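Below, chain A partners chain B and then partners chain C, in two separate complexes.
Coming up: the complex of A and B.
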């Protein structure tokens, strides 16, 4: 099964919509609740990263018998230093984004913690791709 | 303990999400950082916060929280209330700051 969503940079109103849809689908498929929780946390963080930092993005979800693979691709500024971005507590979010309670520097670490595998590809000035994989068993 | 029992016991205001007042509460979580709540809050907890915008409801719904409690007389934004009604997750309010309301809820749970 394949699902696709688009994300608009700066649009906090709709942040969480893809996560919510994926959660519904996984529930219908009777996937283990703990795995659904992990997937939802990781996808929500990836969505917020696009909303907070990029201009636009797409979420491509692929669900098969034993795993879910999610690719979040954005057009945005890219990440100059991945190691630093992966460090809990490090954030480049704007002050207004931080005042909303985002930008605590926990996004990428939360993604890593809640996925079985994670890949990050980025090019400064172009954008970032985050691929997340969770096995169902 | 159900949400409406907590409302009665602590005299909380109910802003929205009335249909969710019979949700069962498993405990509480205090934080204003959304990623922290996303990563660490547990299902059916009440979330004590000063954030009033609608992303609060997105997180409450994704995490299946029992209710959101706004501290220090803060009020939810209009679209936050709408989401709360749609998701049937109540938004409650108190005049107390986070430390005090958390203490009272903790006591209510450990009696």
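Coming up: the complex of A and C.
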């Protein structure tokens, strides 16, 4: 099964819609609740990253019998130093993002924590790709 | 602790999910930072927050949190109630501060996560 969503940079009102839809689908598939929570928290963090930092993004979800793979691709500023961005507490988020309850520098580390595998590819001035994989068992 | 007792202790009004008031929650977590809420491994908890926006509801949705108390007399809006209702959540509004709300609930036996 494949699902695709688009994300607009700065649009906090709709942030979480793709995660919400993925949650519904996984529930229908009777996936373990703990795994669903891991998947949707990781996706939600990735969505918030796009909304907070990028101009636009897409979410591509692929679900098969054993696993879910999610690719979040954005057009945005990219990440100059990945090691720094992965460090808990490091953030470049604006004050307006912090007012929304985010921008604490926990997003990428929390994606790593909630996925079985995570890949990050970024090019400064172009954008960032985050691929997340969770197994169902 | 029943949500009904939490509402009573906090002198709270119920803005969504009145039918959930007999549900039990074991723990409480107070934060205005949703990033921190998303790092919790527990889910049988009530979130106590002064952050009144749609993302507080979304965060609770993703983290499987079924009840939120909004403190400092903040009022939830229609789109928050709609999203909370879709997700079967209970929303409470308390006139008390985050500190007072947390203190009263701790005293009444609600457990901290850490």
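In this text, the second predicted complex is superposed on the first by the 137 of 137 C-alpha atoms of A that agree within 3 Å, B and C clash if a C-alpha of one lies under 4 Å from a C-alpha of the other, contacts with A are read in each partner's own complex, and residues count from 1 in each chain.
One rule holds for everything that comes next: a residue touches a chain if its C-beta (ideal position, glycine included) is under 8 Å from a C-beta of that chain, and two chains touch if they have at least 3 such contacts.
Only a predicted model underlies this, so the values are computations on that prediction, with no experimental measurement involved.
Asks: Once both complexes are superposed via chain A, do chain B and chain C end up clashing or fitting?
Replies: By the criteria stated at the top, chain C and chain B clash after superposition.
Asks: Would you sort A:101 into first (chain B), second (chain C), both or neither based on which partner it touches?
Replies: both
Asks: In the overlaid three-chain picture, which partner chain does A:87 touch, first (chain B) or second (chain C), both, or neither?
Replies: neither
Asks: Considering only touches as defined above, state whether A:24 meets chain B (first), chain C (second), both or neither.
Replies: neither
Asks: State whether A:13 touches chain B only (first), chain C only (second), both chains, or neither.
Replies: It touches chain B and chain C both.
Asks: Determine, under the contact definition given at the top, whether A:110 touches first (chain B), second (chain C), both, or neither.
Replies: both
Asks: Which residues of chain A are in contact with chain B in one complex and with chain C in the other?
Replies: 12-13, 15-16, 19-20, 23, 37, 40-41, 44-45, 48, 100-102, 104, 106-107, 110, 113
Asks: Considering the complex alone, what residue numbers of chain A touch chain C?
Replies: Going by the criterion above, the answer is residues 12-13, 15-16, 19-20, 23, 33, 37, 40-41, 44-45, 48, 100-107, 110, 113.
Asks: Can you check the complex and tell me which residues of chain C touch chain A?
Replies: Within the complex, chain C touches chain A at residues 32-36, 38-39, 43, 51, 53-56, 58-59, 61-64, 79.
Asks: Where on chain A is chain B touching in the complex?
Replies: Listed in rising order, the residues are 12-13, 15-16, 19-20, 23, 37, 40-41, 44-45, 48, 100-102, 104, 106-107, 110, 113-114.
Asks: For chain B, which residues are in contact with chain A within the complex?
Replies: Chain B reaches chain A through residues 32-36, 38-39, 43, 49, 51, 53-55, 58-59, 61-63, 79.
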